[in-house]
Amino acid sequence: MSLKFTAPELIAFIEDVFPQVRGDFALDRLEEDSLVVRLITAEKHLRPGNTVSGPSMFALADVAAYMMTVAHIGREALAVTTNCSIDFMRKPAAGCDLVAHTKLLKLGRALSVCDVLLFSEGTEKPVARAGLTYSIPPR
Amino acid sequence: MSLKFTAPELIAFIEDVFPQVRGDFALDRLEEDSLVVRLITAEKHLRPGNTVSGPSMFALADVAAYMMTVAHIGREALAVTTNCSIDFMRKPAAGCDLVAHTKLLKLGRALSVCDVLLFSEGTEKPVARAGLTYSIPPR
Amino acid sequence: MSLKFTAPELIAFIEDVFPQVRGDFALDRLEEDSLVVRLITAEKHLRPGNTVSGPSMFALADVAAYMMTVAHIGREALAVTTNCSIDFMRKPAAGCDLVAHTKLLKLGRALSVCDVLLFSEGTEKPVARAGLTYSIPPR
Amino acid sequence: MSLKFTAPELIAFIEDVFPQVRGDFALDRLEEDSLVVRLITAEKHLRPGNTVSGPSMFALADVAAYMMTVAHIGREALAVTTNCSIDFMRKPAAGCDLVAHTKLLKLGRALSVCDVLLFSEGTEKPVARAGLTYSIPPR
């Protein structure tokens, strides 16, 4: 396994493929079997109660697993999410970014599996945990 | 079990509590143990490939289970999602609404469990399936 | 889509492939996109509190989705479970069988997705709900 | 948070409450927010293809999360599994134990959430990953 992207190349690729999320995410770290991506929390990601919305947390976990998968399979491949199971455990803070610590648990021929822990930046207890499976089409 | 809202009251309540999604959802049907809610698909819900984004599908499933739960426990209660497991099965069409057929499987003292099937309007095969658990705080 | 097995052929195939569960399961109904399979509840499936154990419920949901998948892809294929998300909602009764109502939501080239509702026989409210994904190897 | 059991007390409690699994599990390590429990793999846990069965993997993940929860809430409480999402990623080896590395992600008033990684003993890549939620009844 070796990475097909550097961190700046990977975030540029994401913004190219998904222009509608441009500026929403930053990639703090990229390694062979893990990465850290952050949601740059803005007004549109919040919901009443001064917290980050569930769909925004889902979106962060989903993009994190996508980046982890694409980092290995490269830009030609059209990986799609097939399953996400997410546990919401604590209310995220509204005034700070949300950080996704992502591990690649499996990179198979047909499927990748990632584990994602979401934290409000600077706090120790995770706000959510997600497991995601991506389907990798035959090349 | 009897409902605490009519359909128009329930959608009004959702728009009141979550002003940022005002106009995004319509409630097609409300019964004791099921409901049908639709995402009025707009540009912001799409992603490249001419399809509805994963976070938009998640948001629809989540609001559907929330409405089903709140319909029974009433407006005072602050139900929060604790788990969602979602299977993405087919690519939704971009040019039509997304419809969530929602069943209440359990309404307990502390938890509600709903099952949601998402369809591109007018098609027979579901694009996604989700199971959601809401935690109901003690009153 | 057409079935590769009759109901008696399918249960015989399961008992041939998994001899250790011989006599545990009965197939009540087999249709193109649904089936009903029952766990013939015995002492070994119970746990204290006079109920059916979690692993026995999981095993029933898993075999139900396997039978639904194999019914379509035939006996040569080696389908394996890749994900199961199961919600336990009520305590099953110990003195009766557990019945799994199973729907085939997707049969793709590489994955099948099934939805399973488990009932204590003769009761109306489900004891558990499971979504299962099977990976279908290339032929 | 402090533990209500030592490791030997906890395994003794499990064997007392679930006599049918006596001898199946060993507790290798118990800490405040993690534990390692092993399935002492026997003939009954295997399935054809020389591997550990899915229900046995589920049972190990379930007992691991139960032990982690009970270690904190004590012996009076009747915690029950409400959700398990499990990803099966690799075929476990048949000739060795299965080891569950378990983390307590949340211990709330009403729910606990654990993350479990299962390994064939002595191997580096996990065979499965599970997230489990236990409901803790009011005391």
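Going by the order they are written in, the chains are A, B, C and D; count residues from 1 in each one.
As a working rule, contacts are C-beta pairs under 8 Å (C-beta built on N, C-alpha and C of every residue); 3 or more make two chains touch, one makes a residue touch a chain.
Quick caveat, the model's predicted, so the values are computed rather than measured.
Under the contact definition stated at the top, the chains bordering both subunit A and subunit B are C, D.
Taking A-C and C-D together, the chain pair joined by more C-beta contacts is C-D. One simple way to say how far apart two chains are is to compare their mean CA positions; for subunit B and subunit C this gives 28 Å. Work out the mean CA point of subunit A and of subunit C, and you get 33 Å between them. Averaging Cα coordinates per chain places subunit C and subunit D 23 Å apart.
Contacts with at least two other chains are made by residues 82-83, 85, 87, 89, 133 of subunit C. Residues of subunit B touching subunit C in their complex: 85, 87, 89-90, 105-106, 108, 113, 115, 117, 125-126, 129, 131, 133.
Interface residues of subunit D, counted against subunit B in their complex, comprise 82-83, 85, 110-111, 133, 135, 138.
For subunit A in complex with subunit B, the residues that touch the partner chain are 17-20, 44, 46-48, 53-56, 58-59, 62, 80-89, 91.
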